[in-house]
Amino acid sequence: MPQPAHPAAVNGLTLAQAEAIADAALAKGREIGLLPLCVVVLDAGGHVKVTKREDGASLMRPEIAMGKAYGALAMGFGTRELARRAQAMPGFTNALSDLTGGRAVPVPGGVLVRDAANILLGAVGISGDASAQDEVCCMAGIEAAGLVPDNGDPA
Amino acid sequence: MPQPAHPAAVNGLTLAQAEAIADAALAKGREIGLLPLCVVVLDAGGHVKVTKREDGASLMRPEIAMGKAYGALAMGFGTRELARRAQAMPGFTNALSDLTGGRAVPVPGGVLVRDAANILLGAVGISGDASAQDEVCCMAGIEAAGLVPDNGDPA
Amino acid sequence: MPQPAHPAAVNGLTLAQAEAIADAALAKGREIGLLPLCVVVLDAGGHVKVTKREDGASLMRPEIAMGKAYGALAMGFGTRELARRAQAMPGFTNALSDLTGGRAVPVPGGVLVRDAANILLGAVGISGDASAQDEVCCMAGIEAAGLVPDNGDPA
Amino acid sequence: MPQPAHPAAVNGLTLAQAEAIADAALAKGREIGLLPLCVVVLDAGGHVKVTKREDGASLMRPEIAMGKAYGALAMGFGTRELARRAQAMPGFTNALSDLTGGRAVPVPGGVLVRDAANILLGAVGISGDASAQDEVCCMAGIEAAGLVPDNGDPA
C-alpha cells in the first residue's frame, strides 16, 4: 500500500518535551513519597503524546489522568477551576462528562501547558494519590521542562 | 451512483439566516469583550446549519454550544429554564443528559429561534464565557437576524 | 465564577481561514450545479472550526462531512487513500470506524489542509453529492484560501 | 481522603521494561526510516504502561496502536494471526471489534510479550507505517528488552 513519502511538518508539543514533563513529574512523586502515579501528556488537540504508569498504580489511573488533562483542554482552564464548577454547577459538570464520553474528570491534577509566548501546547494529567498531590507533580513536571503551568487558579 | 435530480424543497431556517445569526452573535461578543466563543445554529430538527468557533476557544466548546441548543429543542424551552430544572430536579436533567448522549447541557446560552408568526425555526447555542454572557450573544444574534428569541424566561 | 482574563494565544488554522475555505467550497458546488452540500472544517486536533449546511442537505450530512475530515486527520492522509484501504483491508477500516465512534468515513471528500511550509493545519470534509464531486469542492475551497490540499493521492 | 500507606506489591511487566521496549521500538523505526510511529505497551491485564507518539504521527495512532496490542491480548495471539482470521472470518472480527468497543484492530503490529519462563507479561502495539513495518519495530523493541515476542506466527 503506498505511503506518503514525507508526513506534514507539525508544530506544537514535541515528544521530547512531553517525555521531560512526564519524567520530572514522576521523579517529584518519588521524591515526596507519593503512591504510584500515572501521568498522561496531551497535545493541544487533546491527543496523547506520552503515558507512563508506575508499578502498582491501579487499573483506571491512565483513563483518570487522561480525563483530568482532557477536561482542562476541553474547558480551557486547569481542573482546579473545573472542580470548583462541579461544586457550584453539578448539572453542567455531569453534562460535560457525558458529552466527552467520560473524558472530563473534575478534580485537581489536570494542568494546562503553555510556552513562554503564551501559546497553548497541551495539558498534563496525573492520578494515583490525593488530587492535590497529583497536581503538585503536574506543576513540577511542567516547570522542570521550562514551560508554564496553569492549574486553574488565578496567576 | 444515481442522484436525485432535484432535492426536495425545504422550509425552515435557511443557511443565510443561520449565518446572519452566528455572525451577529460573534460580533456582539467582540463588542462587549468576551472570551473566545463558539456558536452553533440548529434547525428545528436539531441538525446543524452553522458552527463557528473563534480562535482560542477551547476544545469542547462546539459540543457544549450544540448541547445548549439541542437541550432547548429537546425540551421546547430555552436552557435558562433547563438550568432551573437542573437545580430543582437533578435526577431528571442527568437522565436527559444520558438519554441524549450528552447533548442536553442545562445552563443558560441555549435559545430557541422563532419567526414573526411564532413558527419554531431552530435554536442557537453559545459557549466560551460565563453562561449569562453567552446567552446575551445568542439573543443579540437572533434579533439582528430579524427573528424572535426565547431563552426560557416568561416573555 | 472567575474567568481567565486572557485565554492562551493559539496558533494553527484561524476562523477566517476556515470561513474562506468553506465559502469557496460551497461556491464551487453552486457553480457546477451539485446537490446541496455540507462542509466541515476541522483544526489539526480534529475539532470543528466551521460547519455550513446548505438548504436541502439531508440530516446526517454534517456528521458524514465531519467523518471524512476526521478520517483524514486520524490516519494522516486524505480519504481517497482511506477509500482504497477500505477495499483492500475491510477489517481494518471497520475497526477504525468502531475505534473512532463512527468518525472515520472511508470515502473521498476528506482532504488535509497544509500551509506553504508544509505545516498540517487541519482538514475539510464535504458530503451531499457523489464523493468525487464532494472532493472537487474541498480542493477548490482549500486552494481559494491560498492553502495546499492533500486528498490522499500521490502529489 | 485516607490513602493506603503501601500499595500492593505487583508482579508482571514493570514500567522500566515497558520504557525499554518502547524506546528500542522507536529507535528501530528511526534506524530504518519509517514514518512517525506511536507505540503502546500494555500489561497482561490490557492496561497501559507506556504510550509514546512521535512528532508528526496522526491523531488516531495511539488508539490504533493500543487496539493492536489489546487485540493480541484479547485473543491470546499476535495480530498477524488476527489479520488472517479477519480474512477468513470477517463476521467474527467485526463482532470482536464491537465487543471491545473498537479496541481489537485486526492487522499486524500487535505482539505479545513473554519472559524467558514463557509467562505472559503484556503486549506491544505500533501504528504509523505499513503494518508489516510496524510489527518489525514491535519485535525489535521486545527483543532489545531481553524478552520474547509472539507475533501470531508459529515459532
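Worth pointing out:
Letters A, B, C and D mark the chains in the order given here, with residues in each chain numbered from 1 onward.
Everything below uses one rule, namely that a contact is a pair of C-beta atoms (placed from the backbone, for glycine too) under 8 Å apart; a residue touches a chain by one contact, two chains touch by 3 or more.
If you're wondering where the values come from, they're calculated on a predicted model, not measured in any experiment.
One of A-D, C-D or A-B repeats the interface of B-C: more than half of the contact pairs, counted by residue number, are shared by A-D. Interface residue usage between subunit A and subunit B, two copies of one sequence, is largely distinct: under half of the residue numbers at the contact are used by both copies. The centroid of the Cα atoms in subunit A and the matching centroid in subunit B are 30 Å apart. Averaged C-alpha coordinates give centres for subunit A and subunit C that are 28 Å from one another. The centroid of the Cα atoms in subunit A and the matching centroid in subunit D are 23 Å apart.
Counting partners per residue, subunit D has 35, 57-59 as the residues that reach two or more other chains. Taken together, the touching pairs give a contact graph of some other shape, not a line, ring, star or complete one. Counting only pairs that meet the touch rule, the chains in contact are A-B, A-C, A-D, B-C, C-D. Note for the complex: subunit B touches subunit C at residues 1, 3-4, 7-10, 14-15, 19, 35-36, 45, 47-59, 62, 129-130. For subunit A in complex with subunit C, the residues that touch the partner chain are 1-2, 4, 6-12, 43-47, 76-77, 81, 84-85, 88, 101, 112, 114, 117-120, 150, 154. Residues 45-46, 70, 73-76, 89-92, 94-101, 104 of subunit A are the ones that touch subunit B when the two sit in their complex. Those residues of subunit D whose C-beta lies close enough to touch subunit C in the complex are 35, 57-60, 63-64, 67, 83, 86-87, 90, 93-94, 97-98, 101-107.
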